[in-house]
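Read from first to last, the chains carry the letters A, B, C and D; within each, the first residue is number 1.
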Amino acid sequence: MDTHETIPLIVEFTGGLEMLFSDQRKHTLQVPAKDDKGNAVTVGWLVHHLCEEVMKDTRKELFVLDGHVRPGILVLINDADWELEGEASYVLQPRDNVLFVSTLHGG
Amino acid sequence: MDTHETIPLIVEFTGGLEMLFSDQRKHTLQVPAKDDKGNAVTVGWLVHHLCEEVMKDTRKELFVLDGHVRPGILVLINDADWELEGEASYVLQPRDNVLFVSTLHGG
Amino acid sequence: PVTKKWPLLPEEYKRYGRQMIVPSIGIQGQLKLKESKVLIIGAGGLGCPAAAYIAGAGVGTLGLVDGDEVEISNLHRQILHTSAKVGTKKVDSAISFLKSLNPHVNYVPHPSHLTPQNAEEIVLNYDLVLDCTDTPSSRYLISDICILLQKPLISASALRTDGQLIVLNSPPLPAGDPAGGPCYRCVFPKPPPAESVVSCGDGGIIGAVVGVMGVLQAVETIKLIVQGKLKAFADPNEVRDGKTNPASMLLFSANSSQPFRNVRLRTRRAGCFACGKDSGLSLEGLKSGNLDYVLFCGLASSVDVL
Amino acid sequence: PVTKKWPLLPEEYKRYGRQMIVPSIGIQGQLKLKESKVLIIGAGGLGCPAAAYIAGAGVGTLGLVDGDEVEISNLHRQILHTSAKVGTKKVDSAISFLKSLNPHVNYVPHPSHLTPQNAEEIVLNYDLVLDCTDTPSSRYLISDICILLQKPLISASALRTDGQLIVLNSPPLPAGDPAGGPCYRCVFPKPPPAESVVSCGDGGIIGAVVGVMGVLQAVETIKLIVQGKLKAFADPNEVRDGKTNPASMLLFSANSSQPFRNVRLRTRRAGCFACGKDSGLSLEGLKSGNLDYVLFCGLASSVDVL
């Protein structure tokens, strides 16, 4: 397999999280199919990648805390809670839609 | 090509039309890939098929008038107005979603 | 233009403060709201909630058109009217509520039904129209007058457990301009057969279902106003790139596992009777009764299931 | 049970007629509405529209919990309150409006905030709870008391141009029963860091956006009631097929091209602190102050963007 192979993803942010990502709700990305160690990339890898490469805002702690997506953010893979899909270990597939939702509390 | 080949479709009814189709909003169908003359089946063919084979209600005129879908019903192929797709002549593809919407007027 | 330092009253800063700090609104959006004139046609299940949130948001002028009087059977869904107002004009009942909610809006009652004869006079001075009526004939008439007077139109409807919403004629370009948003006739060139048309009176309606649609009309109204989409200025320097503007329709089915669905509709129909190149519409023709909307739509007397 | 021939008053047949002819409601649904007791916690941007449509639909008893008073900055979105009611208790202001809309409902004011001490007493006699509050600490408290007292919970929230809705604890089976619907803690086991929590006061809110969410709470309320889902009877003869009941969340983003989205959430979490097998919750513990919700959620003093 070509080591430079990439997979297309749609990553979306809502509930205010988009404000951390250049005020853009929908991001069309091409990510490497394999990580540095040659393993297929996972959602956990994607979170790290978004934090390091895509997020311009410096307040990383509003997205990732202690190496995990911060409490109060739901991660949905193809519109299903990532806990139904194996959480961070889920292996990304071409054209997956990954949605990050910050829970709202206002009323 | 196998003449008995079928294609899977999802057909949905809303806006009250579901009442003409056994009160069921979503129908999962297998339809023949070719019509009697060996032509690939179209949405126009599907309308006729639904009227003859699926609709139990006898008031056909509430769905089809003069051989066409009656005025006041929108036909959407994969969530787009069928006028964007060639109307009745659109050739059905496997897993297409065809949605029939009766326009509402109440307020 | 001269910008006043404090363009709003102190009480208005307090009242609208929570809305003005929303980034997509801001002080500029609030001022656009204050300058805008919105017409709601129909003070029923859609018009009541739409009016409450549009008035609450602080538009400058809010007109209400309705010839009916409040009935007891309206009250499960027409939440601006009260038991004590049964028998009074809906527009008066609604406006007395709205004044107590927000006295800073200029309310204009139009206590009659919209007709081909009065449509121009009523609609002319508004920037935006909400169709909150309940028959096909009024929906065609409202769409036609919005094309003739170049007003964007936010149209909603509901029945039983379902609702539908479309933003029409947006941008509101002159008839024949393919970049304008489609009109009601582009989407529905032929009216439905009268026997397929069911009113809320005959088919029933859940109050909260029509309520959702009315509040969504208010959301779309606020969006069009703050985004500066009330007028499509014919800027002579603008490069027209051939871009067209399709409408979309939002479908709501309260009992469905996927309650909302957004579908893409068409752009303007070149041959449309109302907004096409060879439009058959004119203000004079409308007023003189050339178009009989009731005849066009058929007389719906009795009613079937749909 | 003895069925009276005319179980509703003549005025109620007129008032609810349009709703009773909806096939999924009918006379049986109307009677279920009349027998039901609904509690709305929070009489603000969500609670006002939810209350209007739930009262309009004809529930038997409607309780409102709120310790706050009406402020002028509430009025762009809290449409039951009027300028004249500024400074009065929100529950009293709301109930005076609701009585004029529908006098056939028994309204119960609870003019205080929900606390671990008063929660049992307030919630116990209702069939269904709406969380219309605005802080994480109240959301955890409301979820916990709904698990303890086995009440379905319809939870909504909104900020700026977005809204969210989840139906929790439905069916409302005892803690430890995996067939029950998940609770707020199943979905959000850890509260968000206080500095990531933004209130409508700080982040802003479009009135019609929170209005849509409140009316959608009313739609879900009416659905649960007429579908007979208020109680999950532990029928000893029932064959439990191991079926679990995941929740789903409805997301609304007014400025998105796809404004609504429905996402699938998880089922009950086996190890959930509230609804799991080894639940750490008890009515006694709650009342004695074992759980400090404010401490659990952190003191949100200043606020960042989210």
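Basically, a contact is a pair of C-beta atoms (placed from the backbone, for glycine too) under 8 Å apart; a residue touches a chain by one contact, two chains touch by 3 or more.
In UniProt terms, the chains line up like this: A, B = Ubiquitin-related modifier 1.
Predicted model only: the values in this text are computed from it and were never measured.
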Quiz item: Setting subunit D aside and leaving every other chain in place, which groups of chains remain linked through touching?
Solution: A | B, C
Quiz prompt | Centroid distance [mean C-alpha coordinates] between subunit D and subunit A (Ubiquitin-related modifier 1), Å | solution = 31
Quiz item: Taking each chain's centre as the mean position of its Cα atoms, how many Å separate subunit B (Ubiquitin-related modifier 1) from subunit D?
Solution: 39
Self-check item: Touching two or more other chains - residue numbers and ranges from subunit D
Solution: 160, 200, 203, 205, 262
Quiz item: So which stretches of subunit A (Ubiquitin-related modifier 1) touch two or more other chains?
Solution: none
Quiz item: How would one label the connectivity among the chains shown: line, ring, star, complete, or other?
Solution: line
Quiz item: What is the complete set of touching chain pairs?
Solution: A-D, B-C, C-D
Practice problem: Would you pull the subunit D residues touching subunit A (Ubiquitin-related modifier 1) in the complex into a rising list? | Solution: 42, 44-47, 132-136, 139, 156-160, 162-164, 187-193, 195-200, 203, 205, 210, 246, 249, 251, 253, 256, 261-266, 304-306
Exercise. Spell out the part of subunit B (Ubiquitin-related modifier 1) that touches subunit C in their complex, as residue ranges.
Key: 14-17, 19-20, 25, 59, 61-62, 65, 70-74, 76, 79-81, 83-84, 99, 101-107
Quiz prompt | Residues of subunit C defined as touching subunit D within the complex | solution = 11, 14-25, 49, 52-54, 56-58, 72-73, 75-77, 79, 81-84, 100-103, 160-161, 200-209, 211-212, 215-216, 218-219, 222-223, 250, 254-255, 257-260, 262
